[in-house]
Amino acid sequence: MKRLSLAVLVIALVFVVSGLVFADNNDTFVDIDMGNIDSLDPHFQYDSASAEIVANVYENLIQFKPGSLTEFEPLLATEVPTVENGLIKNGGKTYIFPIREGVQFHNGNELTPEDVKYSFLRALIQDRSGGPVWMLYEALFGVGTSLKSISSEVVRVDDPKELTPEQSAEVYAYLEKAIEIDGNNVIFHLAEPYPPFLSILARNNGVSAILDREWCIEVGDWDGQPTSIAKYYDPTKEADPLYYKMNGTGPYMLTEWVNGERTVLTAFENYWREPAKIKTVIIRSVDEWSTRKLYLQRGDADSVHVDAQYLSQVEGMPGVKVIKDLPRMANTVGIMNFNIVTEGNPDVHSGKLDGKGVPSDFFSDIHVRRAFSYAMPYDIFIKEAVQGRGQKARGPITAQLLGFDENSPVYEFNLEKAEEEFKKAFNGELWEKGFEITILYNTGNSERKNAVDMLKFFVEQINPKFKVNVRGVQWSTYLDNLVAGKFTIGFMGWGADYADPHNFVVPYMRSDGAFGGVKGENYVNWAKENVDPLINEGAVTVDPVRREEIYKELQNIAIEQALDIYLYQPEAHYVFRDNVKGFVYEPTLHPGLYFYDLYKE
Amino acid sequence: MEWREIVYKLFKNKISLVGLAIIIIMALVAIFAPWIAPPRNPAEPYYIPRAGWMSEPQPPSRDHIFGTTEGQYDIFYGIVWGTRTAFMIGFVVVGASTLIGIILGTISAYYGGWIDEIIMRITDIFMSIPFTIAAIVMTTILGRGITNMMIALITFNWMSTARLMRSQVLSVKGEEFVQAARALGASDLRIIFKHVILNTIFPVVVQASMNMGSIVITASTLSFLGIGTPEGYADWGQMISFARNWIIGGQGNALKYWFTVVIPGTAITLFCLSWNLIGDAFRDILDPKMQ
Amino acid sequence: MLSYIVRRLAILPIILLGVTLLIFSMIMRLSPYERVSTFVKDPSQLKGGVAQLDELIEKHGLNDPWYMQYGRWLKGVFRGDLGWSESAGMPVTQALKERFAATAEITLFALIPVIVGGTFLGIFAAVHHNDIWDHITRVLAIIGWSFPTFVFGLIVLMIFYGVLGWFPPGRLDNWALSIVNSPEFTNYTGLYVIDSILNLNFRVLGNAIRHLVAPVLSIAILWWAYLMRITRSSMLETLGKDYIRTARSKGLKERTVIYKHVVKNALIPVITVSGQMLIGLMGGLVVTEAIFDIRGIGQFLAQSAQQLDYAGVLGGAIYFGFVLIIVNLIVDVSYALIDPRIRLE
Amino acid sequence: MAEVLAEERKLLEVKNLKKYFPVKAGILRKTVAYVKAVDGVSFHINEGETLGLVGESGCGKSTTGHTILRLLEATGGEVIFDGKDILSLNKREMREARKDMQIIFQDPYASLNPRMTIGEIIAEPLIIHKLARNKEERREKVAWLMESVGLAADHMNRFPHEFSGGQRQRIGIARALAVNPRLIIADEPVSALDVSIQAQVINLLQDLQKKFSLTYLFIAHDLSVVKHISDRIGVMYLGKIVELADKDELFNNPLHPYTKALLSAIPIPDPEYKKERIILKGDVPNPVNPPQGCPFHPRCPMAKDICKQVAPELKDYGNGHFASCHLLEE
């Protein structure tokens, strides 16, 4: 027995010592993240983990100038269209992009204008449900369009999966009109002027990434034929050839991918610019924070994902640098439901204004909404719940974007004003009788739990007859409640798809927005009349001054009406080993990294 | 052996006496919780009051003698009221699942034939679902909360008792005293209760007493997975899982957040230990060969 | 015995059908909107608004009657296709295959130290029955049993990786992973320890073993306690048997009595426990895998259950049902082989 | 005189009783064969009489006893007790009928519930059949029963493990007596006891028979035990009765070679008697696959060809002396 254990010990020691020699390789960058990648197909993916890979492998026609969200520089195009250089014409309805020559795809194929046209049409044809292609449709064909709506308009077929080859060709012809090749130029014809168009085309937005036509056809993607829309429309992930294969023009090639485990990118030596300095990028997914932290601490990771509440654990860690206070194009907002469905809904309790519940139209009363907006301790939330990693939101539009006004009126935390508003609500009846309400949060999200806990704490202090309950539910239940209109207040986050205020006012305010649309009939009716026209005008206004006015006005309406509880705008932070250099913050890629900029010393 | 004798021997065994003492102290804490840690809101005493919203745990201080855990939940309060939760989870889950196990195991073995076949296949089916999957799916369906968590635990915790009971009953069923009772004209129910269960229950009791401790651990694993008690509920397991992201310490001080692990950890361990000691002692006493 | 084995295996499909139906009917109690949350994992993915959810429900047939949905799935199973796991982002069969290797490797390497250590502790405690060593061993074992795995796991990780840097998490270092994934390295089993031996690459072997130490240790702490208790009580029972008394009265040395006579007979329950452990480990260790960054079955199952990825859950259940029945069968058969009194019927 | 009268009344009549146990094998657990534990047994017992049933272990005698009481369900045949067909009674009627027929078990250690006190054990039949109006009366009855079987009534609160085998068997007897039965099946009641105790228990049974006018079916594996207590004796071999006769007739004039062999094994105290011991060859055959013809033929010292082919029938050879053997027919 003793001899055996001794032998085991010796063997163990040998292994320990032999493994201690760790070659620190300046060519390799290890990034430790969390979660899965949804898809490697640039037109299919719509989440930040996928976007990071796509942004390093595929390229777009243009990109933002470093540090700017309004100015562009060329990428696969050789010039950024402006009215001045004559590449934006026809009152903002025609965009011309001269395509760069001598650019190679990873498989050696040369980039042509045909590839560009194919890429956009392929995106338009794929138009997967819940996917990002609506951005292209809205820009090219107008608000609310999709392959479905066009198919039903052009050939009266509601489901593009049922298009016959002839009908398919007709629909295709309609789509093709928007994208034209002229020599070495690709010309986009927009149905209406659409100022955010360039934002949508810029790098980091996969929906306008450029594919290799020849290669796509080879691997079984859309064959480029007008007649085959039905076959390639809205595929499932498993039926999408580009789900796990990549071939772009970007600085990195995909060399290995095991979803949820590890992705390996290798520098593309024939890249049209200088090849990347970091030769190998390994992106791994580790969900456990403590494990990620140890990887960083031991130097086995060059960059890790850190949640805001744990940032204090890595600040001051030897050999680690934290880059923080970076503005993000995202915000968190408490959505208030104007018509809570009371039937079979325990969260409204009695469902009446009797002190033992809340009526369906509880939040239709502007005073209730204002009172809740005053009862939210914004500064405490930012200081304690997110460790100061954010700033107060001033309405739906985030800072740096057009129409954001640092001096606009906002709700401050003020319990006296909240009390005043509560007294006015329902002609004073609410104050007399009190209410009981339950607010849900989806479990696992401590930020939203904190926000709801704070509301409970302060609202209950205003009047002993006010009772706020907090209930944590699984995400699936939360979603179901949202769709069924049973939620009372729901804290939601929105991250920009592209850098334009339009992308914020639509979801939050428009009657059919992602969040506006679930706030009930009272809201929808009000919004249709009061904000929809303004939002739609903003989308097609070319004049930046007028646009700014429109968004400022929308912000003012949002605050005036207390449409939502505008909680905060989070800030970004990145954590690196301190030998990592060259990082340039790109808000459109957050929390991903553009590895091309990086190098190690 | 007689009950009185068992209790007597239980008291004579020093190590089980330690277990018994800890359980009694914990029971007292549970009973007097409202006086030891008065709730801030008497309507919902099981929700730990928060001393702020910061995530970083705060060390023990005058106001919070055991410190606070992530999210500023008071550890002392959580420990005191968590005693009630532990007993509740233990008694309800172990009680209910043992009862189900006893009933199904007895019916299965006593009646045999196709009844046995069906019950055992159902047992197999329930055993073939990994516990975590089952618990997650069930809490997703029922919603999070302590009652639902207990329902999920009960639903997937009775199988081993049923099997144990079945094998016990099978061995007792053929005994002559059972035949004798039948010859006397005793009804099935009487035979089952008076003769069969009385002679098979002790191994089940031993199993149950050990289960009392481990079920609290299982509940804590559910909290770790985010499907246990609601966040902020006074539950030791959840308090430990609050420590999850702080266990490996702060900058330059690996033990900086020791209190978030050590205090609730001690509570769970003592609880589990005591029940196990009692169970062990039970088994030693009941095994006639140990005499 | 052969007919016993065949009969037990014949029950397998019935059990699997029952299990999948049970799980499926549980999941089907949820509304289509709840089930579509598989495809929309977070509020930030609600980009297309509520209308997109209806499209997704339509696309994935979540609104169909349950028997149609189950039938679709079952039809795939008969073709050897367990469906697409949305939570893993790959087909279920592929996910199970990839994760099986990690789980199997840990199981293989945990089993040996656990059985050796656990039985040794049990024998030790039984030999010292009721003296101080017995009490100490038992209390330590119970403490090991009573502490949540994630606490132990994180502490092991902190000491052996964070402070000492000896045993890193994950299955291999990055350099070793590149070797393993290169074309020169043949993956025979997916178990790196075995594959590296077959490829005669001992650097990778050393690395793979280094990565196994910490998770195996944290598993062992838990199971040592369990096995120790079982061995102890079974030892005590055997010690009380007549033939042991006889052996003692013959004047044999206590050591000889214990190792020649008692241990052999007391080890029979070890088979049962090893079976249980094998089942437990093969079912995956959600917590250990999460902490030690091992992509195993446990992580996969927990993730698919949490995301209501029913193909993943059902695939996992089929896998687990297989493991359970096969391992139980092995346990029964080895019982019969070891103890001639047991007959399988 | 009373005895003569009683002899004319058949209390229990067993006709062609069969109890087969299925043997299952194969993947589908099909029944491939039967163990014919009891294969067409017929006899009767008159009121007040004791019938001894003797045979080697495994011959089906205990199974016969259990099947009569429906502790096992019969495969075929009839059991008529006091004019009622016991096998056709439903559950409720059967429970009622059990008051009249009781059993004393072989193993005094296994037949008493170890977790009940003696008082509870003996009181149980009183509770089941509601034979006492209240607790007090029940206690009195239990005490009286205990005294009747020679136990001290103040041991009522003790547990079985505190008693010796003989005392336990007395407890078992007291329990059987509690319902005031007419028939008692004594299933090898003394075989587990020391020889010195055996006589005491048999004497007790005889005393009780007189006192309570009981009828006994006394099962034993040894003729010497039943010699004293039985009025008539049946000899069983492989699930069948091979010989049935008055005690004296059987002992003095055994007809069947098997009975002869059994008798030759009894030590006789009379030194004058020249004993010719017959040693049986071989073992009892496997009951799953009993030999063709006369089941005894492989071991019979006088077996002929016919014995191997045809099973003999149980026939009356005068004076109520039944036997089944081809040799007798010549």
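Observations, loosely collected:
Chains here go by letter, A, B, C and D, matching the order in which they are written, and residues are numbered from 1 within each.
Note that a residue touches a chain if its C-beta (ideal position, glycine included) is under 8 Å from a C-beta of that chain, and two chains touch if they have at least 3 such contacts.
Predicted model only: the values in this text are computed from it and were never measured.
Simply put, of A-C and B-D, more C-beta pairs touch at A-C. Placing every chain at the mean of its C-alpha atoms, the farthest one from subunit A is found to be D.
A separation of 38 Å divides the Cα centre of subunit A from that of subunit C.
If you average the Cα atoms of subunit B and of subunit D, the two centres end up 51 Å apart.
One inter-chain figure worth recording: subunit B and subunit C are separated by 23 Å, centre to centre, where each centre is the mean of the chain's CA atoms. Distance between chain centres (mean CA atoms), subunit C to subunit D: 56 Å. Residue positions of subunit A touching 2 or more other chains: 290, 294, 474, 476-477.
Counting partner chains per residue, subunit D has no residue touching two or more of them. For subunit B, residues that reach two or more other chains under the stated contact definition are 140, 226-227, 244, 247-248. Touching subunit B in their complex are the following residues of subunit C: 11, 14-16, 18-19, 22-23, 26-27, 29-30, 34, 135, 138-139, 142-143, 145-151, 154-155, 157-158, 162-163, 229, 233, 236-237, 240-241, 283-284, 286-287, 298, 301-302, 304-306, 308, 313, 316-317, 320-321, 324-325. On subunit B, the positions that touch subunit A within their shared complex are 50, 52-56, 70-71, 139-140, 143-144, 226-227, 230-232, 244-248, 250-252. By the touch criterion given at the top, residues 30-31, 33-37, 39-53, 55-56, 58-60, 84, 86-91, 98, 120, 154, 157-158, 161-162, 165-170, 173-175, 177-178, 181, 203, 206-207, 209-210, 213, 290-293, 295, 306, 308 of subunit C touch subunit A in their complex. Partner subunit B is touched in their complex by these residues of subunit D: 66, 69, 71, 94-96, 98-99, 102-103, 105-107, 110-116, 124-125, 128-129, 159, 172, 175, 179. Those residues of subunit A that touch subunit C in the complex are listed here as 1, 12, 14-16, 18-20, 22-23, 25, 28, 30, 36-39, 46-47, 129-132, 134, 234, 236-238, 256, 258-262, 264, 282, 284, 286-288, 290-291, 294-295, 297-298, 300, 442, 474-480, 482-484, 490, 492-495, 497, 507, 512-515, 517-518.
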